[in-house]
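What follows is a group of structures, each given as structure tokens.
Two complexes are shown next, each including subunit A; its partner changes from subunit B in the first to subunit C in the second.
Coming up: the complex of A and B.
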């Protein structure tokens, strides 16, 4: 009796294991497809950046450059202002990120610690919801709004402020979550040690949310760095972001794909570098060893 | 004049938590607030420290009203149940925090931190982060942070409840020897009666809504509990609660349990307690150490037959749950003896250990004096 039952159970387990193996293969196949899907554009971008203009425009594309042409990477800077565009983007993205973090932290802290006084959960969510409508809906209104400022649309300042529309809600919401996770008792302990609320904030609360802050900074920075829609309408002669420069690589009616891809690759370097440098902080836990026991 | 005075403080959120709580702690006194979890002990400390503001009442420290003073202006040190150490700072910086807040010169700060660390035996851990030390060491760090501050009032919130038994005892004895704690007014909150009895100069037993059921020295509380709640809270295993009936006949006063299984002749002390008491019903409390299984009866000893329900051998003694008819009694036994479930035993009850409480108000009967 016992034997029979044992065998049956074992058989059942084997069958289940088989079923799981099939699911695993399916999953791996899906992952493989996904990798191709995400890596192929990068691959094609990279090889195109090294092709000659003629080869990049072939109707039947080549998947390996017939002739390597690394001087594309220098050629993109024949127009001197192209380098300035990268600088402009960098300045705008960094300034906007700093501002988003500063204001977002203050607001997030208020929502986390004094939800009632700060307007409550609904207000916090309303702020986040500002990120949910299609940006194009406010494209034209924003243009007229900033056109009426003393500095006009064609300025660093306008774009820095404009991108707050998208980055500040995100920063506020995420910082609120991070502050909420930072134990309030630690702040209270600091008060009892004799730290005033402001000093306690900088001494104990802020350090606890720094890993979270770095993640928020990355998100904000990358959004501002890559923004095209608004920049396209706003910029003129005083400021040009790199996203505006990419479509300008043409020769007559011919699109210079090789230049566009080379320039895009160069524009990829700052965010990727930042990510590699800060990756360590992004995964680090928020509160280390503060809980009981 | 008392150093810390709490005068009729009230605090509530959706419902009242603390209702008209008053007590005073002298300078150098170790006052223990004892009570079950969620009764308002921590809230009391938070009110004293200024982390919460009372809805009514006053808090005086050193004779001055500090009810509205923010916590960072009061000279109060408090340990949190969760320790609340700064995870990103070293043990040294955690302890140094109150001194840094006061901008003490570096050399003096350094000396005081090291002295305290030495005292608490964590001097070798000063460079570590709180996440890298054990629970007991975390608690010592939290304690160090409060000791170094040189405050006027110490508030200790369940400082050793979450540690394992051995370290708990070690730290408990250390509380006895920490001079700094013995110089100022200390309020120590715990749910562990043994901690309270061991440490308290005075103990306040807290009941619902922060009501102090009884305040007194440990001996008083244990030997003369003011009501059933206090009696139940102090002592492990818990006191036997026996709803009973008073019977008077020619031979004297008798106590019959409501179940009818236990009939005891009352001693002179109990008679005195019942003097002037007109009701028939009382609640009798009898600590397990006054109930013993016995092999041979001495003269005049009344023996009862019972059956062992559960027996727990605990090394230094044993705890026996015995059924006496339909009634269950807890008894403390000698460590040498062992009992089996279902075993028939003879039980002796020492009536001198009886506590009598009013059947309705559950207040201790002291008789008319």
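Coming up: the complex of A and C.
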């Protein structure tokens, strides 16, 4: 490159960089606006949870509680069913996570190690496609399918099995990605040393994928914890998940916004905590393993 | 025997270095099938039967009574004809188009812009992390909380959003957020609040994992920041952004819970999406035949889209050495 063109490029760069500086403020302003848009509802939710019932229903809403009422967080549990709903959600989410993880690891391992013998790419993609299909297309028959089982629709077991529809494909797919990343050579070496396949799996491969497994478990747990559509159809009197309880905080014709928001905040704690702990793996799970987090 | 083995290994040193993904382990043939069998059987049981059931009833005049008494008869494709010819369905397609453009697509664009802004212009790592966590929290909320919260915020008479806009002097009088013509926009606003974080997170992580060497080279060549963005960053993030689009698009065809909680499709069916009608007719009104026709139509549309997307994803994953 000769001297003249070098200088010209440098001059041009300076000018565009100057223009870029103004564009930068524009983009930063947009980011700031979006942060306000994101945080405002969360903020209002939080302060509403501390308001009295009367204040939450004022004609002119207040943006700072006139009187703090932290008792709301205990008051919501005066009705036993609200607490039971959290327990039900917890039981269903945890059991479903364990089941998804177990079945998903089996299939994921098979797809990662013996792609051809296990049914090949097409089977793997068919499993994944189950996660993408609209659940409304199968809602009605689902009800009758589980109504005919001995435990019926209004039970933990039905929802635990039903949630496999979206969590099993996720677990299978992600475990496949994680098993693929675990080097097969070590496992082969263990075979050559005369270990049984089971021992080689548990002692060599499993420890390598444990971090991935934990993140898959957390992701599945969050999805099952937050599920609404299926639960809305299935729950009756015996089992109610917390997502179903939230829209029902009413007293006569009045909505108990403060209780509703307090209960929502409490229910938010587990998924938000999990997210903060696993945000590194989150992306990988949400993008089905395509983007490395 | 042993020394000979070692000798042959040293003859081929790359045996250890090369990753040989194609070479399978030596196991009995039934092992992989047994491993895959249980999960696949589970999925088949809970997915195939309902799909077949839906298809069967989409060809019959089933309603709630007929369903329980077992009295329903074959009527061919007239359910489909009714659905495709109805104004309700055609309107809902327009609503879906509006949702896909201003919900799904715009969300991905906004998420991409936010992610790149955050990465390129915010230099402090601590601030980035805090902002990311703040922006992603809405995604951790279940649809029922999101729906209820936004219905509360957008209440026309004493809602917080109207009051805040009034206080800021941006509007003169209350906006009727749940009137016909606006209610779908309200849903889109709530949905964007909920889901912009998904493309944002994906694109942000994609940007983080781009190799810094490329940028070093561009800097040495004196490329402007804008040029680097257009010629290097965006092309290299193409696949990642496409994945974000895929995820939001397939979600759009599943989208029903916010509509149900916030507006119930109203007022006067002005915010109904096809999935919501299938839900409403099937679950709330038990017009099973018609709902099944809706469901199968949605099913076919999403099957086409999902197949196209998965094909694309296969290519991406092959290129990245996954599949």
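In this section, the second predicted complex is superposed on the first by the 254 of 293 C-alpha atoms of A that agree within 3 Å, B and C clash if a C-alpha of one lies under 4 Å from a C-alpha of the other, contacts with A are read in each partner's own complex, and residues count from 1 in each chain.
In this section, contacts are C-beta pairs under 8 Å (C-beta built on N, C-alpha and C of every residue); 3 or more make two chains touch, one makes a residue touch a chain.
Bear in mind that the values here come from a model prediction, so they are computed numbers and not experimental data.
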| item | value |
| --- | --- |
| Which of subunit B and subunit C A:204 touches, first, second, both or neither | first |
| Subunit B versus subunit C as contact partner of A:229, first or second or both or neither | second |
| Touching partner for A:84 - first (subunit B), second (subunit C), both, neither | neither |
| Touching partner for A:52 - first (subunit B), second (subunit C), both, neither | neither |
| First (subunit B), second (subunit C), both or neither touched by A:185 | both |
| First (subunit B), second (subunit C), both or neither touched by A:133 | second |
| Which superposed partner A:196 touches (first subunit B, second subunit C, both, neither) | first |
| Residue contacts on subunit A - larger count, subunit B or subunit C | C |
| Which of subunit B and subunit C A:264 touches, first, second, both or neither | second |
| Set of subunit A residues, in rising order, touched by both subunit B and subunit C | 183, 185, 188, 191, 197, 287-293 |
| Subunit C residues within the subunit A interface of the complex | 16, 19-21, 24-27, 29, 31-33, 35-36, 38-40, 42-43, 46-47, 49-51, 53-54, 110, 113-114, 117-118, 121-122, 131-138, 140-145, 147-150, 152-153, 157-160, 163-164, 193, 196, 198, 201-202, 204-206, 209, 222-227, 239-240, 243-244, 247, 250, 253-254, 256-257, 261, 275, 278-279, 282-283, 288, 291-292, 295-296, 298-299, 302-303, 306-307, 309-310, 313-314, 316-317, 320, 322-323 |
| Residue numbers on subunit A that touch subunit B, as the complex places them | 183, 185-186, 188-197, 199-200, 203-204, 207-208, 287-293 |
| Contact set on subunit B toward subunit A in their complex | 49-51, 70-72, 76-78, 80-89, 97-98, 101-102, 129-132, 135, 138, 145, 149, 162 |
| Of all residues in subunit A, those that touch subunit C in their complex | 9-10, 12-13, 16-17, 19-20, 23-24, 27-28, 30-31, 34-35, 37-42, 44-45, 48, 57-61, 63, 103-104, 106-107, 109-111, 113-119, 121, 123-125, 127-130, 132-142, 144-145, 161-162, 164-165, 168-169, 172, 177, 180, 183-185, 187-188, 191, 197, 222, 225-229, 232-233, 243-244, 246-247, 255, 257, 260-261, 264, 267-268, 271-272, 275-276, 279, 282-284, 286-293 |
